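Same chain, two partners: chain A is paired with chain B first, then with chain C.
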Partner chain A sequence: MSTASGNTVGMDSSMALQKQMLARHYDRLSRAEEEGRACAYTFVPGNLTELLLSFDILPVLPEINALQNAMRKKSRDYIATAEKLGHSEDVCTYVKCDLGMAKSGNVGPTGERLPDPSVLLLSYTGCFTFMKWFEILKQEYDCPIAMLHVPYQGAGAATRNMRDYVVEQLKENVIPQLEAVTGKRYDEDRLSEHLAASARAEDDFVAVLESAKHKPSPIDAYFGGVYYISPIFTAFRGTPEAESYYETLREEVQERIGGGLGPITPEGTLPEERYRLVVEGPPCWTNFRDLWKMFYDEGAVVVASTYTKVGGIYDNGFRHDPSRPLESLAEYCLGCYTNLNLPSRTDMIVKYVEDYDADGFLVNSVKSCNSFSAGQLLILRQVEERTGRPGGFFESDLVDPRYFSGANVKNRLESYFQMVEQKRSAVRSLS
Partner chain B sequence: MSESTAELQSLLKRAEALYHDMHFGAVRAWKDAEPGRRAVGILPVWFPRELIHAAGMLPVSVMGGGDDVEIIKGDAYFQSYICHLPRSTMEMSLNGGLDMLDAMIFPSICDVIRNLSGMWQLLFPDRPAWYFDMPQSSDAIGRRFCGRELAELRDALGALAGSSIEDDVLRESVRLYNENRRLVEALYETRRERPWLCPTSELYVVLRAGNVLPVEEHNAMLRSYAELAGGAERHAIDNARVVVVGSFCEQPPLNLIRTIERAGCYIVDDDLLLGNRLVRGDVPDSDDPLDTIVGTFIDHAREASFLYRPADKGAELVQGLEACRAEGVLFCAPSFCDPALLDQPMLVEAVEEAGIPHTSFKYAENTGQFQVIREQAGTFADSIKLWGAA
Partner chain C sequence: MRCFVGVDLGSTTTKAVVLDEDERLLGRGITNSRSNYDVACAVARTEAFINARFGLFAGRLAEAGLEKEERGALTEALGRQFRREQHTVQQRALAGVMRGELERDKYAAVRAPLEERLETILDGMNEDIPPMFEAGAPERSDFFRDTATSGFMRRAEGIRGKQVNFDLLMSVFDRAILQVENQELDLSFSANVRPALDRVLAGGGERWRSKASHLASVTDEVAALDLDEVNAVGTGYGRSKLPFRQDQIRSEILCHGLGAHWMFPKTATVLDIGGQDTKAIQVDNAGIVTSFQMNDRCAAGCGRYLGYIADEMNLGVHELGPLAQKSCRNIKISSTCTVFAGAELRDRLTLGDKREDVLAGLHRAMMLRAMSLLARSGGIEDEFTFTGGVAKNPAAVDALHRLVDENYGDRTINISPDSIYTGSIGAALFARRDEGGAESEAA
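Take a look at the complex of A and B:
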């Protein structure tokens, strides 16, 4: 998922705020063991942050650690460590990066040691690998593991049976384990307060995402988007800090709209919006800035992305509901992007292309993530057929730098933008 | 040649022909034999075939195209880092090779098969396709969830068949599949005790025939094979006793199995075609057969990498190795197979702790070069025989 690395990026105050939040979180984690605070290792999709907060448990997100390590150029060595231990070159590099880090002293991306987990909270949502990942970690740590199996929306809908299953697991498995780990009783009122805070932040977050419908778009919903999703996808959903962050961010975006400004980028504000794109797939974290620069150089703005929905889809109207806390958490988990079937994902992308008046659609297909990648080539065809707008495709990886070929990606992107231009010329000549 | 030898060869010839027939002639013939017959495809690894049978339809296990399908269109749908089975399945689907299937079931096993279910829905919107989420919560909660999911599928299958699935019919189907499981287990037992009588390259094609034949016919084939192979004049040789692990979904080509055997190995256990044996023992007779199927799965499924098993990882594998007096393990997984390859380091650790030698290699269902594998498996077998450890 997102988060600013230590790199200098053109910054609004919301970015500075977010950086401070993350630094404080890692600092809290580094002191957790001496302060006797419980920590849960858990995943971004289908995360139960509000529930953890209601038990005063600090979330540790292995995916975030992996991507942060990649942005800081540390992932290569960690992956090599895991592969030396027998982990296949074929499998997810998030897993190997995380395991390599654990085997190297579990020093987090900011240089502070991460606490061992008090509990592994396996939210098995939208990704098979999650299940194996925590089975592997269970061998590393002597701690309980709580598993929440979130059924896949195979038929394109979350059914009553699925929701009941998730709620029953929360009530009968997950919550009792969190009670045992912390020695605290489940406090539904407290959970509801966090959920109410989540819903307020979600309103502001959606306003930010939808601001990209303006021309020029005041945000980049992929590269910039990963910064915007960071608090709500990670340890902060349901906190006053997150509420404050999204209020600030929304105000800033409004100002940019008022000033007719494009998105802020590492190179500064994008001077001219030449291409509006929808992007499917996670970013390549090892070369995040390089890739963003390629888009910037072409005047390409991502107006909507699917990656910014892996930790929850809010622009379809979903909000956490404090009056139905566990049901609402279940519905949230069921609705995360990679838990949707391919027809639903395709529909969503088509809608984005149309609603955001995009010139086209690009897939960044990452080797590590079959949950995202399997079927993307069909999605590409379907979206092209249904929207009549050109699709493009390039490959990279999440955190393994061996799979990023800058020249190839640049070549692909340049060809793609030429295709968009040709399409425009054809439309102009017809009209 | 004796009559029984000829009979055995004829049976094996038929089984191997079924294995190679990627046009599914047997399924088409079954459908053509009576108007209105329907067949339902099942992707690996497990779905209770009893339910399809009880609806009067033919369950057909689709396990990719092996090395018998040339991939042209299928590669256009999958990136290079995705396993081979979905490519060949797509190839066959687009070429009409699976057009005799009236519906498809995609059990939860990994993200690729999961997403393949959506691809099928997009490409073949007129043919029903169901995703079956096996419960990972192996308790009463999982049992309730799975029971309700299967009840919905039971209704859907009944609707496809044109009549609802009654409990007494389902009980009869369960009985037939119990018999099938017992026959398969008995053959595994024979192979475990006297592997020279029941080589895996034979057993595999005989079991594989069950993918396309009605269970009644397959049961008859299993009985014949057991009798003919059990009585065959075959002599033990000094092979190493090995277990193959990791081949439960995308299957190795038959020649790879033969290669392992020719390299000096008796395969005395494996997870090939695991769906046939995932649930141990019989599904008991009961008033509520559907619930009993689910309960048997929850309580008696073997350890498998696509099922959540956070504790004692590999303990069941080690127990199995001891039970079949295995001298070594061949970790033999398809390239890019997340479940097998993510599991493998944990299983390796368990096997090493038990002091059992192991080696590993990867394959694709259309692997055509076996020399390297033969050398590796041969060296492994030799090392076991010469020094008692690899």
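Take a look at the complex of A and C:
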């Protein structure tokens, strides 16, 4: 989830739209304090964007700022600043990058100053670090924390009890706090309008994701995917802007399918789809383009990824539902990828490998992120066993450039692609 | 004769092998990778072809009914004298380049005394040559640059003239040796083997006299053999730098898998420990890689780790294993970081622990890291083949045997004396099979 940097990928109208949306958003944020607009710092997984919008609160997403800073090569210095403040090398680098930025004048990735938060809205969905992160931010800012505890899907399903528990917290804790911060009354009709807009965009979004079932795939669902998830995972879900973005994107993808075109990449349209892959794990933002190029050079297309589900899973049929506003927000939070247990994650990857007819799958194991990385080797083995397709494993980090060893990652990827090719030709020669 | 070449450009050494059409190993060559991959690649490849001709030569002798011992002695002596010929060619080139250097204007004022000094040194270097290639001569670097540099320096060191001194002499030498390295000298088998054979025959007295004419004709025959390089594949760390086309380059993971399968056809799991990486590879019954794991954030526990430890202890790398084998006490080295392990080692020695015990602990720590990668790649299946430079270290092998036994029980562990060539053999096999594929597609 990201974008609108100098790193423009192709110049489609959807991309131009997205750039404008982000620029406007950061611009709004830079004026928020003088205009007296409330801001909430909040996280991507389980974000309550429609609820915030119904209170006219502007969302600020620290993970997005961190990854945007990494793509703009600013994260190294911010991380160093946080380490000087005493945060250990092993702390999540999103956290350190965000703190470093806060301590360096809180100037956002676009060079404009970010407003201080009016409220820290902590929707906890599977990542324990989020709690610690906001504990630290609480020391920096004189503002309330609204905590939403989303129960982990430990048994592999979200139950009615869990949903009711989340709804109750929304009613009794989150909404009253947002009312106090803004001085406005909770307006359920307004919330429902936003949710209806979300659901329409979600239909288009899912159509875009599932377009990768075509051969060749018209999209890359990991490197390209992070651009496609950006509006819906961040400050724009439930807005007319997001609706028109996804409509435009869906049309563009449809055109690519019609023209038999592969995905747009920074090097141009991929000329030949040689490998179809599923990827598990977040991207390495510091070397995002390098890594994408390594895939491009081999003709590798990611047809499905789990990372594009961290801000919500929609391809299982879930939609925000304006007729049950709080219940559907609760279900959304419970269903984020970060809130799933290992067997559910494995099932999902197996299903992707099969549904998208992938040649194999790769795990990007990220040093910073325990909640992602724990159990990934187990996932790897099980998916290999269940699908019979080869799995590969490489290591990097989210936003700390020190943990990326380009030559080694390239070596692993090349070996992996050649292994897939060798297996294929062995099968061919048998048949 | 149709030949297939595999080159493995490693971080420490570059290896090349030549296979024949039936995937039999004809020859191998190895050299330091240095910083110049092109040169390393060319040297290893040339060496492999020369080695192949020596192998063919020994084969012809066997066909002619020469006893094994006699064959061995003859091939060994011929090899030595052959290298002497090569060395002489290079020495001659060096002398020529240096004389040319003297013509430069900058030496005009000192030309006469400089020339006199240089000629004395060159004479001395020529005198050094024969004993260097006697049987039982002390071991030294195989590279002309190294021997020439040390020979030249030794003689230039004492010179402290007003006009001509050590620094001036070395500056002439440095320019010259660079040029010699970049010259295309004829170091081939055909150009150098006859003079070498003549010297062996002359030095062997009565021993070879009766066979002299036969040996000469076998040598000529082998020299005339057309070794036709049909296809070549490159692998290893520097593979993107190899002078090969993209489709002639393979990952070393695949090459090690296939190479290990070629050496030991029942191989299911391969462990390769090279200079800077450790790979755990699972292969199927055709040598095709099914999964693999390798280190990518940290290179502790690789060959360089031993190099570092050897430096810390003031020992040669090859001395570490045998010394560690003398240990009879278990010392646990806990660190996986090379630098910290070095610190732990100094700490232990200060506390009075014996060097062999500490070293045994270090070898075990190293293999524990490998065991973790193996576990991540899917465990150790029977048979298990250990390759790479570290497979030559007996203490590493001992530690591996014990750890495999403790964790997996009875497994057949294979180590080939050619284990360092595993990657290049795999590459050559790919060269053979790709070529076969192209043929059958054409048909």
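Please note the rule applied: the second predicted complex is superposed on the first by the 429 of 431 C-alpha atoms of A that agree within 3 Å, B and C clash if a C-alpha of one lies under 4 Å from a C-alpha of the other, contacts with A are read in each partner's own complex, and residues count from 1 in each chain.
Heads up, the rule we're going with is that a residue touches a chain if its C-beta (ideal position, glycine included) is under 8 Å from a C-beta of that chain, and two chains touch if they have at least 3 such contacts.
Note that the structure is a prediction, hence the values are computed from the model and not measured.
In the superposition on chain A, contact of A:395 is made with both chain B and chain C. Within the superposed three-chain arrangement, the count of touched residues of chain A is higher for B, of the candidates chain B and chain C. Residue contacts after overlaying the shared chain place A:139 against chain B, while chain C stays out of touching range. Of the two partner chains placed by superposition, A:108 touches none, neither chain B nor chain C. Once chain A of one complex is fitted onto chain A of the other, the partner contacts of A:377 extend to both chain B and chain C.
After overlaying the two complexes on the shared chain, residue contacts for A:91 are found with chain B alone; chain C is out of touch. When the two structures are aligned on the shared chain, A:367 is found in touch with chain B and with chain C.
Judged by the touch definition given at the top, the superposed model places A:415 against chain C, while chain B stays out of reach. Contacts of A:238 after superposition on the shared chain: neither chain B nor chain C is touched. Legend: residue contacts after superposition of the two complexes on their common chain; A:168 is shown touching chain B, with no touch to chain C. Under the contact criterion defined above, the residues of chain A that touch both chain B in one complex and chain C in the other are 367, 377, 395.
On the side of chain A, the complex with chain B involves touching residues 85-88, 90-92, 95, 124, 127-129, 131-136, 138-139, 145, 147, 149, 151-152, 154-155, 161-162, 164-165, 168-169, 172-173, 341-343, 345-346, 365, 367, 370-371, 373-378, 382, 395. Within the complex formed with chain A, the chain B residues making contact are 76-79, 81-82, 86, 106, 108-112, 114-119, 121-123, 130-133, 135-137, 139, 141-142, 144-145, 148-149, 152, 305-306, 308-311, 313, 335-339, 341-346, 348-349, 362.
Residues 237, 250-254, 277, 286, 288-297, 376, 378 of chain C are the ones that touch chain A when the two sit in their complex. Residue ranges on chain A touching chain C, taken from their complex, read 367, 377, 381, 384, 390-391, 393-395, 403, 405, 407-409, 411-412, 414-415, 418-419, 422-423, 426.
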